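There are two complexes below, and they share chain A, which is joined by chain B in the first and by chain C in the second.
For the complex of A and B:
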């Protein structure tokens, strides 16, 4: 029998660990990655010629980052590594890529998708002004290019990344005007039993909070965002929030980092026709998987933050587990003891993920309460009021219908950044449960496809 | 819920044909119930290219297309909503001398039907439309054709029909239809029963499932159009552009909407399923289209495609629709199987079917579209477009 054609999409922690496990079993996967270099987002490697130390780049996670990068260097000769390859579509057992303007096709028997996550965003009035970035974007600017998003920065939202990026900016010398967290402190206390599933990580988290306290930046928890102020030319000029005390306070700044934890980049799984399921706790749809990462489609496996937001350590474990599932399904020997240990660790990661989700909940009510004149879909310039009107006056009580009538989610980002809030708005306006309001169906291309690609025959 | 509903006319299928028929039947004073399995205008009516094009059509279809074009022109007043109809002109282009001659001949043939086309070539064509690529030899310009937004048109008809008093029943799948004691009866999957004096089947790709219950099956096959759209850029391409060709890979059409995006489609049709209600765009078709749109407008090579989509369209062997009264059952009417060119016709089809149902006749010739042509299983090849 010919060697199975195995493709892994994504060279972050999940993809690299999956590749390692497969190489150890004597297989040679193709690893497609959009990035210039391996490492994914969390362990993103700086461009050639930059000289920051791992400690400066990755803080407490420096050792893990270096370990992963070193594993990858050892793996590289044993895999078919294709950096700068964006997987823009998948159909009929073929991954379609675009690389430096040239289209490519990679047929597979086995596909492991480890496409990572992007910020889960929630609009706030004025978020279309220049100078509003996602937290992930703000972190990448710093990590990749040693740039800050502004001179005076406010971080707004919730989730572990909010705390981490604020501290990283402070340490890098940027002026962090305020850290504004929508989650009440009590939620974080109540989540402690689940967070204690990973004592070392909990300690790191507490140290992070300690570092923030010591930084002297203004920190407010349990806030309600009111508006990002700005002008067409100058961009962001400030942020107003209602503090837990009820007082409305304005913070002057020239940039805002915004984010509400992460959401899986599940478009490829969607195009591969994987089934999705609704998660009531985080109020989102994500692909169905079994404990080892098998999707509903035979031959398609899902790992890392692209399917469940467990973070980097969880991604490494889920990547290795997905590779074990591949080996088992191919009828190859599986490292049983290792798999048993991985599954046990995976359960801990999942418990910790639930703890994080409870400590920093998705504030659905903030979406439902957005004013009519707030821009919802930034790509298409559609307001909250236009979506509400389609939902209530035109019977659009399902998100794809609402998209067809209003264009919400039709632009460049394909609803990545407004889709979750849009669903909440439709649900609240119509009284239809979020689960029935549904999810925006994925449509190719996963990211914009250059027309010029048609001039090059694959 | 099981209470039988009664109306003068029962319409099954809420695409643009059914929705516009409901609207025009209300204008003629008939009580109407329209039953739609999903939502109004969700399938072929909502996912097509959006061409409001007459030129290139099967000539005997031009009277119907002309009637429809007149309605498009007053659609906003009629419906009280904007379906983004833009009478931008339509330019049908040829790469070869042979196709140039063919579109010129079409222009001569179309004139008796009241469709005036302007033949352009060489420098005149290029001066007027400087964005065209060097391979384009000639073009036929139809000044009053244009385009509209398919996502908006059928739902707008549905809402206008509802405001005018039609009962619009969405999310109700009709499983069985029959004639019972001189009237018609339809039963939905959830057990509801609807009755009417007359019935109109406008169920698109699902039309034959219903017509065969009256002994009139139609040889429908389903395909998915392969559509895509670019990011928005300043509005510059006024006419809808389409290539007249006999090579399937070369078939391409594109239009720029006022807000700037360029919508295109064509080439090899994609897979679709009337059972799973899904249609797909094949990635290789998208890439193939990219190489074709830059032949028409080379400047497009600097843009990015942001989205592709498909839908479920139904085709008949002779490439023209089924439209008109049943050949077997009095009071029963059909309008389905529009072979990928129904959007422009939609308002006219609704108007003609309403006239036919209300008065027993129509002033617009529709004889070529009778379902009787499939009665013996025969499939005569009429040939129609592009």
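For the complex of A and C:
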């Protein structure tokens, strides 16, 4: 049998582990990644010439980061690694790429998509102002460039990243004015049994909370965001929230890190025609997979945070499992004992993921309660009121219809940052269940192409 | 305070890298080798560009190549994504879109 053509998209923990497992079985996958360097999000590498140690960069995860980087260096000569390659479409068994303006095509028999996640966002009035960054963005400024996003920073939202980034900023010497979490503390207590599925991780989490308490920054849980204040030219000037006590309090600042956990980057899976399913707990659609990462489409496998937000360790496990599934489906020998252990670990990761989702819930009611004059689409300045009107007056009770009428989801970010909130707003305004309101369909190109490549047709 | 305001980003370390100079809207700014264009610009001024759809200044959002809020242009009209493009000595950039259209077929 001819060697199967295997393409992996994404050189994060999931993609790297998948590649390693396939190489061990004598295969030579192509690994495409948009970034300049491997490592993905959590183990993102700093540019050449930077001197911080792995401990300074990755904290408690330093050893794992170094291990992953080293195993990638060993792997590199044995795979066809293509950095700076954006996979912008998948159609008819071909991945379409663009690299430094040059288009490329990679036909595949097997496709593993490990595209990772982006911040899950919920708009707040004023979030269009300069100085508001996604939490992930705030972390990248620090990790990759040793910068803080401002002189006085407020972190607002919920999820594990919120606390982590706040503490990382504090430790790096930035002034963190406040950590404002929409999740009530009780939710974290109630999630403890599931979080205890990973005792070491739970201990790390508790240490993190201890570090935050000792830092002296203002910490409020169970808050309701009211407004990010700002001026057209100067950008952010403050944040107002309603505290759990009911008091409205303003925090002066010149930067805000905003985020509500993560959402899978599932556009490529969508273009590959993978079936999606609605997850009622996290209130989002994500691609269907079996326990090993097979999608609904033969030959297409999904792994890592791009399919379920399990975190870095979970990404490594799911990447290795997807590779086992590939080997099995190709009729090659599968490392049975290893697969059994991976499946067991995968179940633990999944239980922990559920615990995190319960501890830091997506606050759907906040989207439904946004005022009409709040900007929903920060790309094009479209308001919540405009979307509500389309939903109630023009019968747009399905998100793709609402998108056609209002352009919400059509701007530069292609709905990455307004899509989930937009769906909640339509559902609340029309009384149609979120599941029926649907999801924005993935479209090629998954990111705008460089101008010169604009002529390349999907 | 100039029209583009005071610096938005604060450097917390890694400041012994080589200094480089580039031009933004005709003004020379100093940056460090290894900076992204976004960091080079925002450690020198308060904004990256102006929104085409509202009055407000813009300064990027995701820093991970997902939101496209950070586009700037070379003098000869090439669009660059500031958050994942390294700053190079001698680059000359404009923050106003040369013409009001882009091939976003989303």
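The rule is simple: the second predicted complex is superposed on the first by the 453 of 458 C-alpha atoms of A that agree within 3 Å, B and C clash if a C-alpha of one lies under 4 Å from a C-alpha of the other, contacts with A are read in each partner's own complex, and residues count from 1 in each chain.
By definition in this document, contacts are C-beta pairs under 8 Å (C-beta built on N, C-alpha and C of every residue); 3 or more make two chains touch, one makes a residue touch a chain.
All figures in this text were calculated on a predicted structure; none of them were measured in a lab.
Q: What is the contact status of A:404 with respect to chain B (first) and chain C (second): first, second, both, or neither?
A: Only chain B; A:404 stays clear of chain C.
Q: So, A:414: does it touch chain B (first), chain C (second), both, or neither?
A: both
Q: Examine A:394 and indicate which partner it touches, taking first as chain B and second as chain C; both and neither are also allowed.
A: first
Q: After superposition on the shared chain, which partner residues are touched by A:94: those of chain B (first), chain C (second), both, or neither?
A: Once the two structures are laid over each other on A, A:94 reaches chain B alone.
Q: Determine, under the contact definition given at the top, whether A:443 touches first (chain B), second (chain C), both, or neither.
A: A:443 contacts both chain B and chain C.
Q: By residue count, is chain A touched more by chain B or by chain C?
A: In the superposed model, C touches more residues of chain A.
Q: A:142 contacts which: chain B (first), chain C (second), both, neither?
A: Only chain C is touched by A:142; chain B is not.
Q: Classify the contacts of A:378 with the two partner chains as first (chain B alone), second (chain C alone), both, or neither.
A: Second partner only.
Q: May I ask you to decide whether A:103 touches chain B, chain C, both, or neither, giving the answer as first, second, both or neither?
A: So A:103 only meets chain B here.
Q: Hey, what residues of chain A end up touching chain B and chain C alike?
A: In the superposed arrangement, which is not itself an observed complex, chain A uses residues 410-412, 414, 443-445, 448-452, 454, 458 for both chain B and chain C.
Q: For a test of understanding, state which residues of chain C touch chain A in their complex under the given definition.
A: 5, 8-18, 33-36, 39, 42-43, 46-48, 51, 53-69, 71, 77-79, 83-84, 86, 102-106
Q: Can you check the complex and tell me which residues of chain A touch chain C?
A: Result: residues 34-36, 41, 46-52, 118-119, 128-134, 136-138, 140-142, 144-151, 172-174, 230, 232-235, 254-255, 265, 375, 378-381, 409-417, 443-445, 447-452, 454, 458 of chain A touch chain C.
Q: Give every residue of chain B touching chain A within the complex, in rising order.
A: Result: residues 39, 42, 46, 151-152, 155, 159, 170, 230-231, 280-283, 286-294, 300-309 of chain B touch chain A.
Q: Show me the residue ranges of chain A that touch chain B in the complex, using the header's touch definition.
A: 88-89, 91-92, 94, 96, 103, 394-395, 398, 401, 404-405, 410-412, 414, 443-445, 448-455, 458
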